[in-house]
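Both complexes shown next keep chain A, but they swap its partner, so chain B is in the first and chain C is in the second.
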Partner chain A sequence: MNFRWKLLNDPWKIFTIIAFLLLTLLVVVSQIWIGVSSFQRDGGSFTVRTEKGGPRLLLEEETVSGFTLDSSCDGKYLVRQKKRMLYTLNGKAPGKMDITSLNGESISFMPDDDGGVVISAGPDQLWISQKIFSGLFEKSSSQQDLEVVNAEGKNITLQYNAGAFLLFSDRNKLFTLSNYLTFLSRSRYVTAIKNSFIVMVFSTAIAAFFGISLAYLYARFKMPGTSLVLTIVTMASISPPFLGAYAWRMLLGGSGLITRFLGLNWTIVGMHGVIWVISWLVFPIVFLLTYDSFTSLDHSLRECSMSLGGTPRRTFFFIELPLAMPGIINGLYMAMMTSFTDFGTPYVISLDLNVLPVLIYKEYMSEVGGNLSFASTGSMLMIFFSSLILTAQRFYLARRSYASIKSKQPSVRMPGRIRKIGINAATAVILLFAFLPHLTVLISAFFEWNVGVMTSRFTLGNFASLFHSNLSSVGVTLFTGITATFMDFVFGLGIAYVIVKKRYPVVANALNLLVMVPYLIPGTVLGLGFILIFNQPPILLTGTWVILVLAYFIRKLPYSVKSVESALYQVHSALEEAAKSLGAKPARSFFQITFPLIIGGIISGATLSFLQIMTEISATIILYRPPWKPMTAVIFENTIDAGADFGLASAMTVLLMALLYIPLYFVTIKARKAKEVRIESI
Partner chain B sequence: MKKIIFFTIVMLFTAAAIFAGGQEEKKGAEKDASVSMNGAITIYSPHGPEITDPILNLFKQRYPDVEIQMVSAGTGELLSRLEAEKNNPAADVMWGGDTVSFESYAHLFAAYESSEDVNMMKSDPAHKWHPFAVLCQPILVNTNRLGQDDFPKTVKELADSKWKAGKIALADPNKSGTGYTIVSGLVNSYGWEFIESLLGNCVVTPGSDAMFKAVKDGEVAVGFINEDLGAKWEKEGLPVKMIYARDAVTVQMDAVALVNNGPEPGLGKAVIDFICSREAHTIAVEKISRRSARKDVAPPSILPPLGELELFTANEPRQVVNAKFENINK
Partner chain C sequence: MKASDNNSRLTTSVTIRNIQKNFGKLEALKQVSLDIREREFFTLLGPSGCGKTTLLRSIAGFEKPTDGKIFFNQKDVTDSPPWEKNIGFVFQNYALWPNKTVYQNVAYGLELRNKSGSFIKEKVAWALDMVGLGGIEKKFPEEMSGGQQQRVSIARALVIDPEILLLDEPLSNLDAKLRISLRKQIREIQRSLKLTAVYVTHDQEEALEISDRIAVMKGGEVLQVGVPEDIYNKPADLFVADFIGKANFLKGEVRNGFFYHSEGQVLQLTGYEAREGRATLFARPESLERIEKREGDCISGSIIHRYYLGNLKRYLIDIGNNSTLLWETCANFQEGDKICLKVNNYELYYA
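Showing the complex of A and B:
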């Protein structure tokens, strides 16, 4: 009684429980489903070709999985599953065969809803269907349906259309490790894993080279237009989903604009192109985080080093770089995660490059039954690798302590004339690369497109058709985006507060962990998990706006929590205690004391969530369903289809970017606050 | 601040209530009179807007109260979606994809005897799919990458070593319906050994759109194409040329079907009747260069008559083609 009263008296405890349950449902349960399905597979299947004019059965060897079939000399097939003898198949006459059970049970049968037959002998079941091929215009009127004509004891006689293919399958799920074994032994899948790592390492390295160098130069030298450069990089950090990658192909592909102009025999399509394009996708992240940590260094340490005789090079490598490491590592970590999970770039910039996110999408969407088991196995491996990367990052940061007392005075020098020109030139080139997709999309939105090719005719027609037929998508994106951001705002604030100030035993730590999990889960995988748990009663959410909102909310929650968290660490709890001692209730002391102090962090966290949500694509394309069709889905559809015009997709992208740059301008560029987001403490 | 938050919450809830309420009202009204031509219908289609729009625009003119919602994606993606949603289907009609795919997923579709079925060159005995168009996949070459003299004249010569090093794009039959039609059709003419040597020259793309675009953009010299899109690209002056090989051209029949337990079966049937109508097929021939599957509509004049072509259809089920292809595409 006493306990319950206490619980209800503290709204934070109630909130903690609600948040905990919600996160568990959305994160843990959906991932458990994926985990389970990665350990499951169908019992097996095989296909048999029959003869038009004879009784013989001919096994298609390649199609056998989960079963073993041996042919005996008299044309019978002996069917075994894991050493257990199950049936013999015996062709008797054209269009007629006997199936005899060998497991000691008698056979029963029933028709299934596909026009096939299910036979069962004790615990063993076999689904049988037939596939008849006739010429293009042949009348297929005199078909023999698949049916059981005689059944007694252990024997049944099956009648089918002579010459048809008979598909046998055991659809009962069984638990197995074989999905992982197959995944890790088949060269196609292993190559996908290898490719993912190559792409991740090289694009992060390229981005780090440009990002860290440029950030250092801007942090150390007083350059005119620094804020303009920061503005442009921040703008570049939001990339136009999907179309951004295609812009590179339009310019540098086999018959791209630049390729043709220069008469080159080259194409960006391929692994090298994927690495290059992703490098520029993640460059802004590395640059912004590194710039912040270089500017916040204690410059007196540098001066000490120099006055003790250290050369500038020595000082850079032994003093400045190590001190800036936390920021750099964070930047690199985020860059690695982004390049590891990026779905759009490899999909667009390569013809046949298999990387994990594309593989998962394709396995799930594959036409024959969609191989859920393999998609799930790939997902589990991806989560595993992401966790490894995170652990490495945490391990590295935990071993070092970087506390220093910051001096307020910025340590910048005036660059010499030549150096200034050099920096400006480098900046111009780098910014051009980082901003190229945005510019291309902007330009292409204002020209007429014809069968997927840009003409030189200026038009506003793309925007006209956007407003005429796709305006509802704008509404859907804004509605789901704002709702999810609002949820991120509320829960991010609450969870961060519980983690930093309340520190309930066990639960607070568990919350902290749970919040970070979605950051590890690729969008495709999260979408898959949501479909698996929300596609059946009691919670039937597929196809509603709710499922989109929940997916957005949970995917981008880490941004919100972490930014509020870092703001909260700067608020001394004595302030709230003072309010409490004066008689204020917890809610009041929070809203009147703490909240106003951390509003900056809250807004920047919410903005970041909002930006990420609005451009989310990988979970969206699995989860959306009309009429709830967000802008990113429209862009995806109008980019992927070979016959579609890019005009609409470009116009839609421009509008989306405009919607994003407005809040970005007010929050980030005006106050430069969003940089404070650090995915650090777990 | 509090006021702003409160205001936002109120706004959001109101918006949600309006959306939800609006939807429910609509549903209720339609259930009473399912034949009345108003409401919203959802069509899943692997066809791009360049194919669906000309026909659906006429439908919209005829029935202004019917709102059409399209989801377009690859055939495989849409079938996977339908399979995942089968307990709670969102779509009413699936339009596009070859008849083999429809038969493999027969349980997702409802039997409906359209009055137009008798006018078709072929019909499904189970009345689940209804033919729309006959579609060939000729060779497509990029004229920037290949001189006139180097154009392949037969499919057979594509297995020559001169096309080595990924000069040919081929859609993966595991991932694409068009890829299945091409591979199985070629197996029908030359057998699996031919596919195996052809594969040595191919980049296998994870979808047919990627294959089409690879040739259009000049990433590869040769590929295969759906003839309606190829004809359109030729007409617009893109650097591509369709070649109907002397020895073999693969062909499929494209279909449309009613989704089982879809939310608006009445409207779904009406849309299918419309898509199968003579009027719609005339548009298909004139505006999008598709060969109609109706007996009474002549093929487009810019395409060669079927009688002049060596046609090959798929003759093995997807499971068999996929497993064998997987086996040789290491």
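Showing the complex of A and C:
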């Protein structure tokens, strides 16, 4: 009784428990479902139909899985599952067949909810349903329902529509390792894993080469326009993730502008294109984190090395690079994760190149209503590989600890004339590559498109059609984005406060771990997990806006919590204690003292979350159903096939970029001001 | 009632009974009991980690004791949180709110008490005047020096007419000269307002100068409570003797009214009848006195180092077998001089 009273008296504890349960449901339960489903498999299925005009049955060979069917000379089929004889199927007349059990048990039957029939002989159950492809002039009134007309002992007679396909399936789920064995042995799946790694390694390497070298040059040399370059790269870092893919395809695809103009045989479609485009997608992350890391080095360490006789080259490789390594590793880690889990680029650039996220999506699309076991198996493998990458990163960082000493003055040198020209030229080329997609889209949005080919006719029609028929998706994006960001704000604030200030035993630690799990769940996998837990009562959410909001909320929660956490760590606990000593109760001291001090940091964090939510594609593509169709889904749909309306996609992208870059501009200005008012002044 | 009228201020005594505070396995306070009197300037003194700050924070209510009771004027306040008490707390790092002006910082406590605007204005002016900081109401904390910030922080604590003023190492972030002038100011404010103040510091010189009474703490326990003179001259044990000021310790044995130093020197003990047994003799450097001629027993040695302290000189004296003594006097000697010393005031600590 006393315990209960205490619990109710501490609102933070109640909040902690609610947050814990919500996260457990959304993160843990959904992943466990994926895990369970990856170990499950249907018993198998096959489809038969009656031969035209005759009594004989015909098996659709390519539909058989889990069963073995042998035809005997008299037109009967012998059905076996794992070497056990189950039934014989015997066509009697068009639309009539006998089923006889062979396992010694008599057959019973019952209709199921979808107009089918379930027959069972002892432990062996079969679901039977018919699918009618009506001919053009046939009357639908002549349809015969699937029904059992006679049943005695081991024999049963089934009547159905004469031209129908009959699906026999064993829906009993078995626990098995076979999904994994299949996944790791079939070349289609193994190739997907291999491709994912190739894309990850090469894209990260290319991005690292450009990102790290450019970042070093800008950190060390006083270059005009540094802040402009930083702004541009920051802008590039929040582009829609598949923008590069379809812009490059517009330029260099099979019927791309440049390809046709130059009459090239070569196109960007393929692995090389995926690697190239993803390199530019992750380049800004590497650049920005590396730049921060180099500029925050204590320059006296570098000068010390020089004073002891170290040449600039030696100093770079033995002093600066190792000291900047934590930031660089962090950037490389984010780049690896992004390139490993990116769904949009490979899907848009090359439809037949399988990487893991694309494979999961395809398996999911072809198995709707099924048990999603291969999609789940792929998801589990993705999480496994993501965890490996994370472990490697943590392991590397844990072995070294560097005090982060902020230098008062950044150590910048004036570049020589030639060096300056070189840096400017490199910057121009790199930024051109990074922004070519944006320019392409911006220009192409104002031209007429004809069956996937851009014409030279200027038009505003793309925007007109956007406002005419697709405006609702702008609303969906803004609504789901704002709702999810608000939830991130509330829960991020609360969870960070509990972790930093409350430190409840066990629960706070558990929450701290739990909140970081979404960090390594790829969007595709998160979407799949949500489908698995929310497509059945009691929580039926698939196809609603709620499921999109929840997915966005969970994906950005780790960033939200971490940004509030770091803001809270900068507010010394004595500030709140001072208010308490003067008579302010805890809630009041939090809202009047701590909150105003951290709100600036939180708002910039929340805005960045919002911008990233607006460009989310990998979970969206699995979860959205019309009419709740976000902008990214519209763009995506209009970029994947060759004859799609690129004009509409471009117009939508231009609008999306406007929605992204205007808030970003205000956030960067705010961030600069926030730096001037130093919160950590005590 | 006028804002500057302080006669109606409550005076508060603090009674601490068997306070125990555990952080996990660490015992930060071990059964501490203290009586802090009304209008007293009481200092908790000890090295870092001795539990003095934990004790102060327990009095304020920031920490809940694991066991034991705390009373303000016989009223049990062990479980009351800080916002239910009327305390002024001054933090080591000032804890001024960086987004509020000096005026807003000081006025906050009065706003919480729903005072009228004119009252707040008058009272804030009074408090800033108390700490000698008129006319800086519109400044932000980071525009001020550390000393000014700490005085604003004191004004913020005083403005609510606290029953008791609690200060947690308020001067340790300031430079030496400012520390000395500000501690005098704190003491004057406490005297003029007739406040009960509990002051935490690790600086023994500071404690001796401003306190009415001092509690010396170590490892979560109170070793000695007393007025500064007693703490200095009659330390309760060797730790207190060593922690406060400079001290000489000689290990040896007391026999027949003589102290036999283990390294061979012999001293005649005067003043009172000394118990016999193995003991450590403690003497302050200034209680040694040079004697011209060897009369009876004295300690002889040679000066190996001379420290010039202005009016005083401190000598390090080698008395043989790796033992040294410190001696403070006005007289001038050279390094290498041979001298004989007798001990005027001493304490004996038996093993």
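By our rule, the second predicted complex is superposed on the first by the 534 of 682 C-alpha atoms of A that agree within 3 Å, B and C clash if a C-alpha of one lies under 4 Å from a C-alpha of the other, contacts with A are read in each partner's own complex, and residues count from 1 in each chain.
Keep in mind that, in the parts below, a contact is a pair of C-beta atoms (placed from the backbone, for glycine too) under 8 Å apart; a residue touches a chain by one contact, two chains touch by 3 or more.
Here the structure is a predicted model, which is why all the values come from computation and not from measurement.
S.K.: For A:Pro111, select first, second, both or neither according to whether it touches chain B, chain C, the two together, or no partner.
M.R.: Touch partners of A:Pro111: none, neither chain B nor chain C.
S.K.: Regarding the shared-chain residue A:Leu167, is it in contact with chain B (first), chain C (second), both, or neither?
M.R.: A:Leu167 contacts chain B only, not chain C.
S.K.: Of the two partners chain B and chain C, indicate the one touching more residues belonging to chain A.
M.R.: The partner with more contacted residues on chain A is B.
S.K.: A:Pro312 in the overlay: touching chain B, chain C, both, or neither? Say first, second, both or neither.
M.R.: neither
S.K.: Counting only touches as set out at the top, which of chain B and chain C does A:Pro224 meet: first, second, both, neither?
M.R.: A:Pro224: touches no partner chain.
S.K.: So, A:Asn535: does it touch chain B (first), chain C (second), both, or neither?
M.R.: First partner only.
S.K.: Does chain B (first) or chain C (second) touch A:Leu575, or do both, or does neither?
M.R.: Touch partner of A:Leu575: chain C, not chain B.
S.K.: Touch test for A:Ser255: chain B only (first), chain C only (second), both, or neither?
M.R.: The first partner, chain B, only.
S.K.: Identify the residues of chain A that lie in both the chain B contact region and the chain C contact region.
M.R.: 596
S.K.: Going by the contact rule at the top, pick out the chain A residues touching chain C in the complex.
M.R.: 572, 574-575, 577-586, 588-589, 593, 596-597, 677-679, 681-682
S.K.: Would you mind writing out the residues of chain C in touch with chain A in their complex?
M.R.: 60, 62, 81-83, 86-89, 91-99, 108-109, 112-113, 141-142, 153, 156-157, 160, 166
S.K.: Can you list the residues on chain B that touch chain A in the complex?
M.R.: Going through chain B, the ones touching chain A are 1-2, 8-9, 12, 15-16, 19, 40, 42, 48-51, 69-77, 79-80, 83-85, 87-88, 90, 101, 103-104, 106-107, 121-122, 125-126, 134, 142, 144-145, 169, 174-177, 180, 203-206, 208-210, 212-214, 216-220, 229, 232-233, 236, 238-239, 251, 253, 311, 313-320, 322-324, 326-327, 330.
S.K.: Along chain A, where are the residues that touch chain B in the complex?
M.R.: Within the complex, chain A touches chain B at residues 45, 47, 49, 60, 62-63, 113-115, 131, 133, 135-141, 143, 165, 167, 187-188, 249, 253-256, 267, 269, 351-352, 354, 358, 362, 364-370, 450-453, 479, 482-483, 486, 531, 535-536, 540, 542-543, 545, 591, 595-596, 599, 625-627, 629, 637-638, 640-645.
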